[in-house]
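Naming follows writing order (A, B and C), and every chain is counted from residue 1.
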Amino acid sequence: MSAGMREFRQRAQIALEDARLQNALENATGRFWNSRREALERLPDSDGLRDHFKEMRAATLADLAPHWRTFEKMAEMHGTRIHWAQTGEEASRILLQVAGEHGAKLAVKSKSMTSEEIRLNHSLEASGIQTVETDLGEWIVQLAGEDPSHIIAPAIHKTKEQVADLFEAEAGKAVPADIPKLTEHARRRLRGRFLKAGIGISGVNIAVAESGSLVLVTNEGNGRMVTSLPPVHVAIVGIEKIAPTWADAAVWLSLLARSATGQPLSIYTNVITGPRQESDPDGPLEVHLIVLDNGRSDLLGTKYEEALQCIRCGACLNVCPVYREAGGHAYGSPYSGPIGAVISPLLFGLERNVALPQASSLCGACLDVCPARIDLPRMLIELRSDSVEKGLLPAPERIAELAAARVLEQAGLMELAGKIGRIGQRFASKNLPKLADQSFREWWRNR
Amino acid sequence: MKTRESILSRLGKAAHPVTSPESWHGRWSGEDMVTNFADTLRSAHGEVYCEASLPDAIERLGNLLPHHAVRQVVANEEPPLKDLDLPAVFPKITWHTPPTGGSLNKERPAWRQACSQADAGITGAELLLAETGTLVLTSGRGKSRLVSLLPPLHIALVSTSRLAPDIFTWADGLQSPWPANTILISGPSKTGDIEQTLSVGVHGPKKLVVILYETLR
Amino acid sequence: MNQRQPSVALFVTCLVDQVHPEVGIATVRLLERLGFKVLFPAGQTCCGQPFYNSGFPAEARRLAKKTIEDLEGFDTVVLPSGSCTAMIRAEYSHLLAEEAEWKRRGEELAGRTFELSEFLSQQGVGLRTGEVYGLVTYHDSCHMCRILKVREAPRRLLKEAGFKVVEMREPDRCCGFGGLFSQRMPEVSSAMTEEKLRQAAETGARTVTTADPGCLMQMRRIAERLPDSPEIEHLAVLLERQNR
């Protein structure tokens, strides 16, 4: 996972040359964006709701430890086992241990960006546990051996023909490239896995402290399958995804689906409060939760704390003019678009992701749509400034910037530089602005 | 344990204490909960019938089951279903209800089998949310989460007296004891993952039918 | 009429000064024709935005202070640039947050600084309606519409001046400029501009106009390479042309 300048530009170039992908990106993001706008317009006071949500998220993040203590107490009371993991490796190790205790050979997984972040599937497969992604888009991407290219539409970059080929290779028999038939195929194929799996793995949209509950949102129902059928359910959550009360969770939910797809709520909002109870006819025997830090707590108390308010709705991707051209893979991280450009350097290192803060025209459309009003443009600027301070910018560029600033500090110098530039520019790159024959101030003096 | 302490101590270093805002007061303010519920759920590809009484609702069910060629049913033991002798009303249909007795553990595999083979799952609902067109179901004795999940058709029979305005109303009413599972359902299972084209019924039910009926309060 | 002629100081911006002087000239002529006395504070250079945006806050701060000093003593400052206006109005106080006196001076400047169309609109000036010119589409530059929240003023002025304004599908979608972004990510930047110009062409308008010299420069540069691109003009140039 990395995005140097050249890597980003090359990967973006591949996306730019793919006319079909360009079309798919434009259509999908445009549709999500429109649906989002309509959904928010239907609310009596969506601006007020977002202001409220922002305040609520800020207050929660300012006081995370007590909320997690409450969560832990309540969750354990309901029989959920809590594990703490500082790093991705620790989280994977915990998961493998739980799977090992139950002799699980097959894991079914519902979409989890956090597990993508820590490359959980690799660890599972390396330990001989077959792991099947069950969100249709994630399954397609998994079969293709690729990374998701959109937070909520992972296979945005695949055609139905490509999907049919992937399904054929997996099933060993031809599947027609027809969307309803492909969906039906996935239903039948994955249903068997749900019923057989020894362990179900999921992400968590919201951990609710008040009752120690996990909230998991899906449209397909795979999240319910994964948390209902296997005898063991292991969920993984980042330390920022906590709501103190159900009143807070309700605000969160009322913005999540609307911001993501424009639905008032996703089809299934699944609330899990412990394993099955004695008289429940079904449900898992054990529920485990891995609470993952993985660099997040480093952001607390810094100018980047606000980034932890993100609820992974993907709205900022859909409005981002850079994402809409470059696509998700250019970012070299499971988190793409404006939020990815901010959190990938913060979580995985600025040094390895120097291109990301630069991958923005700072147009501000992301800030406009963010349900938590996260000031992404401001943080991109801060990251650019960090890049300069850490010497991650090529030296000639840095020197040129410093020199330009010196020149602009004196009108006389600027005028002189302009005159020299006019002569020099015939030798310069075509990408640079062409200076006028006569500057404005010359005109002003001569009028 | 060491990791726990170390993470919890790191969580204490956020920038500045911020006071939590007062709880959100915006509420869905529509007048006609039945209509809004039905319209919203229909626009999410759900099917909704509004009947004048419980007997009318059962009659509706009687029309729907053969229409969908339903031969095997799994049904939760919850209001209003548990007080109706539906197997007697529909003698041609094989009827299964969740195990509740002392031998629950032994019966679980068979129950799961029944749910995965059934043509339809029938439930009630704790609550209906008018704004979002949502059914709220909980797990518990006689209430299986698989009934509304595994069969291709999910039918819910619910009294209009269970309508509540919105998700905030639902959240306000939550309290201990907490069921192991609560599920908010706002349509049949769907995906847009292949070419962003809507496709209904990927993992959960392909069809969701809600039969509402009026009751005297 | 013995009324004192109202005066405005023009902050022409470095880009207009060096690359698009015709925008500054049109701004002066338009303002004068509408009865304003135009002053040009001679020491002015750059508001500091390019440095602020590319991660050089110290340099941006020096230019901000310089700009504050250059524009001291003028009642009203007008810029033919939405993004430079946004820089002064919204960012100076952040940038100078650590230095109370400078912050105060920055905020004081922000209070009397206006983007051209915003200013004209607030003054309620009556534009002369020129000959009906044909279809024009207006590009909302990012900082003008999202930070200054000015969307209506330029459209209203265009209509007043006799243009028929047609809208793009996404009038506020970024043109791809973003200052140094266009140099650092030229492929993506150009693709964004091409998308913008495609949407502009779809409207059937003969002219794309914008209130930002950065967007103007970017769109013109890319349009040169494309067949059948509409002409691209700064708002001030179009308004001045109709008010001769």
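In this text, a contact is a pair of C-beta atoms (placed from the backbone, for glycine too) under 8 Å apart; a residue touches a chain by one contact, two chains touch by 3 or more.
Remember, predicted model here, so these are calculated numbers, not experimental data.
*Asks:* Find me the chain with the mean Cα position closest to the mean of all the protein Cα atoms on display.
*Replies:* Of all chains shown, the one whose C-alpha centre lies nearest the global C-alpha mean is A.
*Asks:* Taking each chain's centre as the mean of its C-alpha atoms, give the chain farthest from chain B.
*Replies:* In terms of C-alpha centroids, the chain at the greatest distance from chain B is C.
*Asks:* Take the average of all CA coordinates in chain A, do the same for chain B, and state the distance between these two points in whole angstrom.
*Replies:* 29
*Asks:* Chain B to chain C: how many Å between their CA centres?
*Replies:* Comparing mean C-alpha positions, chain C is 55 Å from chain B.
*Asks:* Cα centroid separation between chain A and chain C, in whole Å?
*Replies:* 34
*Asks:* Which of the residues in chain B come into contact with chain A in the complex?
*Replies:* Listed in rising order, the residues of chain B that touch chain A are 3-4, 6-21, 23-24, 26, 29, 40, 44, 98-100, 104, 108, 111-112, 115-116, 131-134, 139-146, 149, 166-168, 170-172, 174, 176, 178-197, 199, 201-205.
*Asks:* Which of the residues in chain C come into contact with chain A in the complex?
*Replies:* Touch list, chain C to chain A: 12, 14-22, 24-25, 28, 40, 42-46, 50-57, 59, 62-63, 66, 142-143, 146-147, 172-174, 176-179, 181-189, 191-192, 195, 217, 221.
*Asks:* Which positions of chain A touch chain B when the two form their complex?
*Replies:* Chain A reaches chain B through residues 24, 27-28, 31, 43-45, 48-49, 52, 55-56, 58-65, 68-69, 78, 84-86, 90, 134-137, 140, 153-156, 158-160, 163, 179-180, 182-184, 186-187, 190-191, 194-195, 211, 213, 219-222, 224-225, 227-229, 239, 244, 246-247, 249-251, 253-254, 261, 263-283, 291, 293, 297, 300-302, 305.
*Asks:* In the complex formed with chain C, which residues of chain A make contact?
*Replies:* The contact residues of chain A facing chain C are 5, 8-9, 12-13, 16, 321-322, 324-326, 357-365, 367-368, 381, 383-388, 393, 401-402, 404-405, 408-411, 414, 418, 421, 431-436, 438-444.
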